[in-house]
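Let me begin by presenting the structure, written as structure tokens, before commenting on it.
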Amino acid sequence: MKILLINPNTTEAMTRDIEAQARRYAGPGSEVEAISPRWGPASIEGHLEDELAAVATLEAVAERSGDYDAVVIACYGDPGLYAAREVSPVPVVGIAEASMLMACMVAHRFSVVTVLPRIRPLIEDVVARYGMTGRCASVRATSLAVLDIENDPDAAEREITAEAARAIADDGAEAICLGCAGMGPLDRRVQETLGVPVIDGVAAAVKLLEALHGYGLSTSRVAAFKQPEPKELTGEADVLRAFRAVSASQRLSRV
Amino acid sequence: MKILLINPNTTEAMTRDIEAQARRYAGPGSEVEAISPRWGPASIEGHLEDELAAVATLEAVAERSGDYDAVVIACYGDPGLYAAREVSPVPVVGIAEASMLMACMVAHRFSVVTVLPRIRPLIEDVVARYGMTGRCASVRATSLAVLDIENDPDAAEREITAEAARAIADDGAEAICLGCAGMGPLDRRVQETLGVPVIDGVAAAVKLLEALHGYGLSTSRVAAFKQPEPKELTGEADVLRAFRAVSASQRLSRV
Amino acid sequence: MKILLINPNTTEAMTRDIEAQARRYAGPGSEVEAISPRWGPASIEGHLEDELAAVATLEAVAERSGDYDAVVIACYGDPGLYAAREVSPVPVVGIAEASMLMACMVAHRFSVVTVLPRIRPLIEDVVARYGMTGRCASVRATSLAVLDIENDPDAAEREITAEAARAIADDGAEAICLGCAGMGPLDRRVQETLGVPVIDGVAAAVKLLEALHGYGLSTSRVAAFKQPEPKELTGEADVLRAFRAVSASQRLSRV
Amino acid sequence: MKILLINPNTTEAMTRDIEAQARRYAGPGSEVEAISPRWGPASIEGHLEDELAAVATLEAVAERSGDYDAVVIACYGDPGLYAAREVSPVPVVGIAEASMLMACMVAHRFSVVTVLPRIRPLIEDVVARYGMTGRCASVRATSLAVLDIENDPDAAEREITAEAARAIADDGAEAICLGCAGMGPLDRRVQETLGVPVIDGVAAAVKLLEALHGYGLSTSRVAAFKQPEPKELTGEADVLRAFRAVSASQRLSRV
Amino acid sequence: MKILLINPNTTEAMTRDIEAQARRYAGPGSEVEAISPRWGPASIEGHLEDELAAVATLEAVAERSGDYDAVVIACYGDPGLYAAREVSPVPVVGIAEASMLMACMVAHRFSVVTVLPRIRPLIEDVVARYGMTGRCASVRATSLAVLDIENDPDAAEREITAEAARAIADDGAEAICLGCAGMGPLDRRVQETLGVPVIDGVAAAVKLLEALHGYGLSTSRVAAFKQPEPKELTGEADVLRAFRAVSASQRLSRV
Amino acid sequence: MKILLINPNTTEAMTRDIEAQARRYAGPGSEVEAISPRWGPASIEGHLEDELAAVATLEAVAERSGDYDAVVIACYGDPGLYAAREVSPVPVVGIAEASMLMACMVAHRFSVVTVLPRIRPLIEDVVARYGMTGRCASVRATSLAVLDIENDPDAAEREITAEAARAIADDGAEAICLGCAGMGPLDRRVQETLGVPVIDGVAAAVKLLEALHGYGLSTSRVAAFKQPEPKELTGEADVLRAFRAVSASQRLSRV
């Protein structure tokens, strides 16, 4: 199967690292291609950046998901996930969602260890939206900005490990979800130190999409994720181009 | 005070109607100006449209909120609300939030009556995000598209009233939140028929912003709604222009 | 509009301070008159005192609310609030409710900082009754009795600020609700020290009632807050006089 | 043991019926005396009446609980329960609480069948306050006023049974809590018709107090139910007499 | 009444101690006989042991409950409780359930103090299954294995008391449920030190079963606890013998 | 990878059908072997049968899981799942859990359609235990016994489809989880009729275990699923043999 991995953070080096991480775990029949949207924030550490990245990601989904069997959105706020399900003809999974679903199979409760404190409320809302509040022991922040991880992985690993250890000792966490796509490549090293499952959402999403694909399931279209109706899009913003194309193709496909 | 009312639906006639509705209820010292974003969907009836509208709305917030004392986001999914709080120097309220907070003061439980069934899961998520699930008797859909309300208000009123009556009789609702900005101008007529409070989020938001302003409260900046950091924005999408300006002004304002 | 502010604590000096606080924030068209019930506990720090104060407050509501456009119940347990909604022909808001609804518009999560530890369970129940448990980061007690605040506001301010700072640092609070009417006048001083919104329920209630009034909403009468039926009241307790009068006037108004 | 059963409804015939019901189930070593407060509403069907009855009940608790080993509050809103725990030297149980705790031992989910629809929100709040929302399949109202049950028990039985049957068939109820003290004497007849446990809170409370007494447990005094502090009670309302006496005796008992 | 107390832990000395504890609190008309199942783990400190003990306990229930008026399952995970309700012709109560229901009548929130940390998630699930999460301040573990309590009760008492004191000071607990049948005999000593209600589930269960029995209530049979259908049991495992007998007797009793 | 699929229902024909279903979806590198325990109920439709099956299943896990890379427990109550995680050296997934996790990726809310009404409370508890209550639109029963599905799949399909259609129309379900292993082979036929994802837990579990395996995750051992301690097992029940062996091997492996 062909998996399109979209890193909503537009930092090319990070995208390449995530791609390598995804390919490390991809099954024999899976090809992963990682891209960043054509535009958007270099890194995502708040609601504004999450919203911008959502639309940039959706543009990529609209343009390219038709050539793949599945899509991963690789940023821990899962920006644009539900809209992507509407737009994409193939299944879409977010890495926050994927890491938590995976954690549910190996732990009674998990914690998320993420970047800066300002992102914690956003991630707590994501946890709640998926109904995972009761399974989540805590969301713990660090002092790391997203791009700090790229720049000094060893320091990042030390800080993530320390915070995760506190989640295990104080909050009752039994597994750790790495709360940023950039942390993914550290999964095994942190896991070896901690001795509990450490889950990167990118790897988790690839494996879960293989699972969905293998079972032949795809997004339900009866309510929340119904395909958008063809609709007038006002204005000349270049961001609308992709969505106009979607709308047009839908109109045709209904004939 | 000066209130900027942004109708994320880019249908000018609807924006004018919402403006009239807002001005109907605005206090003596309040001026309301209603705009739609420069681009975006003519109406919002799903996640994709909500996401596009969020960014278009945020662009308007970034460009213009500095000239006002408060901002209303006038679409019942409250698109971009939390990001708008980060971006705007002044308080921002969404109409879903506003209608529910207002309902809490006059009813034990309220129901939301909204447009097409496909939007119901999105609105249920909004209700849950604000912690209002226990106060919300039900979210009920109708067969109305957003623009149907504009086009045939009498038919819309009949259908809204019928569905609201079912919410009162069957679900225990004691007040009705009108789940679409376009329904707002019908508030009094529906209320007279039903005999329970019927709340338009636009009117509610104007009054609540006057309340916030009168008390002198503004958005907390310590965590969820911290101002975005100046950040590299990749790409040439015209949508980024407004946000680049924000970023630049922030950098300056820190000197 | 005319607002009746009832301080269920029967300490006159406190009532005057609360009145001053309410008038400080009242809009140009609003007049606030503050009273205490004719009888009841000097201060409210437990369930018994809350129950006594509720009935004394309801007596005042029954006797006087007809001469006003709205009523505030100014004690953080919101004693008698739901019954007051049944009795009063005009909207009634409690200060706990008001402070929390206001906090929801400026913060992702708030904490309540209140008086003695024994009152914490009562306030946690109030938070839960309004469905605010998910929005409330913590309810934190101090060593302050209600009347200590009156007596030594500087010491009170120091202790409230210290406890609030812990709520922000340890619990993730982004705004502080002052959990006692007597703390209200300290709102701005605590806010300046902490740098997050600090919300006095008295000020919040005045502004929210102005909002309700401006929109023209009043209490729903279909279920929870239906007007009491005329009913036989047994016994000669003087407390019943006011309620007998209510009952009689209702009987007449039905003819 | 000696049990004081307080019927907050001041209808003597009802109090006698409840006393007979309580004695029917009281154990060999238990004596039950039922009283109504000296004053208060003839029946309780809303928040105002619940608040009045709470204070009248608390007066009785303050005056008389010292002569008994335990107290039952026999009205399904459990008026004044938490305050009664503060005031009474002996354990206090409400009939709503008692019926639900009992139901938890014989059913996976129970429903409450109660009087008029207007009381349903109040009872739903009671269910929630005790944490029983997840165990409660539904709260169902009838067209019965409290005193209708006294006046025509056969008609009451038919209506209660019909509504309970719907709770079993449609809501998944496996036991029925009778949501009004006046319904108690019908417990066995309804149970025989329905074939599921039907629980009267009065009988349940008597048995649970015998259980508490037999184990030697009494109310925790460290937080929520701490004894009221001696406190100045303003005014000449006769309702204060009993509480002044409590306050005085506490002051003495501290010497 | 005759109460069968089954200690799922097959340690005879412990069973005798529990029996003594139960008899200490049993009412004048109650006889308690305590047994352990014929087989199973010496002590229960995890899910596997809980599952084994459940079936061994159910075997005892199937064989012997017909000779008693009620059954207690005396292990804090309440192993096999819901199945025992299906099998037993008489009411069955588990000690976790019993201690929590009892705590609800004397405390606003309780904590459970239990044995080893590994059992905490299991007990948190039990708390949640009964809907008690909102009433439970915390589940706190100690370093004690089940049989350590038997072997050195003084050391156990010290550790339980210390952990319970932390629950009261830090978590807001107002009563303590002893989270292991073996801790029961320490109830009064711990209570004297702490000054809050300390509840042993064994004593609580005996008293609650006397309450159920006195009221004449028994398990609802309409859904969750419907009697098992006669059913083919495959295989020659000796554990099946008791259940085959149940099945046979049911078949007969239907003729 | 080698997957051991244990059908806790000891009906050989059913086990063969489940095996065929699992193999239908197993990936190229996966081998599935399906077994039933050596003993236990022919079908599982209540708590007693669930408990018996749990231990019989655990016996099989103890004896055989060491020869496989992963284990599926194929009965919709997930009998013995948490204990199996303690015992098994390799990951274990239950089909209820698997179907719900899978549903979360393709639907906003799902319903479970299961066998007889008596099993509904058990399944609702399973849904709650996994934190899925907010994602689950409803659990709907049919009139089908487990073995009816085997015996007349066409009739079963009709009834399942009808009930699922009601879940979609009335409860807001967007995907259907088949609430019995025996229903699995009907997944595609029901899905074609309904037009929403229809998920068999057996297929889902196989795919999710391949995902876990591909990522290299295994059960966390720090708390809930810690390996059982070597422990004295009292009695001569043959069921203990397998567990004695586990205990012995653990003791050795610690040397």
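The chains carry the letters A, B, C, D, E and F, assigned in the order they are written, with residues numbered from 1 in each.
Everything below uses one rule, namely that a residue touches a chain if its C-beta (ideal position, glycine included) is under 8 Å from a C-beta of that chain, and two chains touch if they have at least 3 such contacts.
Note that the coordinates shown come from a computational prediction; the quantities given were computed from them, not determined experimentally.
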Greatest separation from chain C - chain, by CA centre: F
Maximum centroid distance from chain B, chain identifier (CA atoms): E
Distance between chain centroids, defined by C-alpha means - chain D, chain F (Å): 44
Approximate Å spacing (C-alpha centroids) for the pair chain A, chain D: 52
Residue numbers of chain C (touch at least two other chains): 82, 108-109, 120-121, 128, 134, 172, 174, 223-225
Residues of chain B touching chain F in the complex: 120-121, 128
Chain F to chain E touching residues, read off their complex: 10-11, 36-43, 45-52, 54-56, 58, 80, 82-83, 85-87, 117-118, 120-122, 125, 128-129, 223-226, 228-229, 231-240, 243
Contacting residues of chain C [partner chain B, same complex]: 25, 27-29, 82, 91, 93, 97, 101-102, 104-109, 130-135, 168, 172, 174-175, 195-197, 199, 203-204, 207-208, 210-212, 214-215, 217-225
In the complex, chain B residues that touch chain D: 108-109, 134, 172, 174
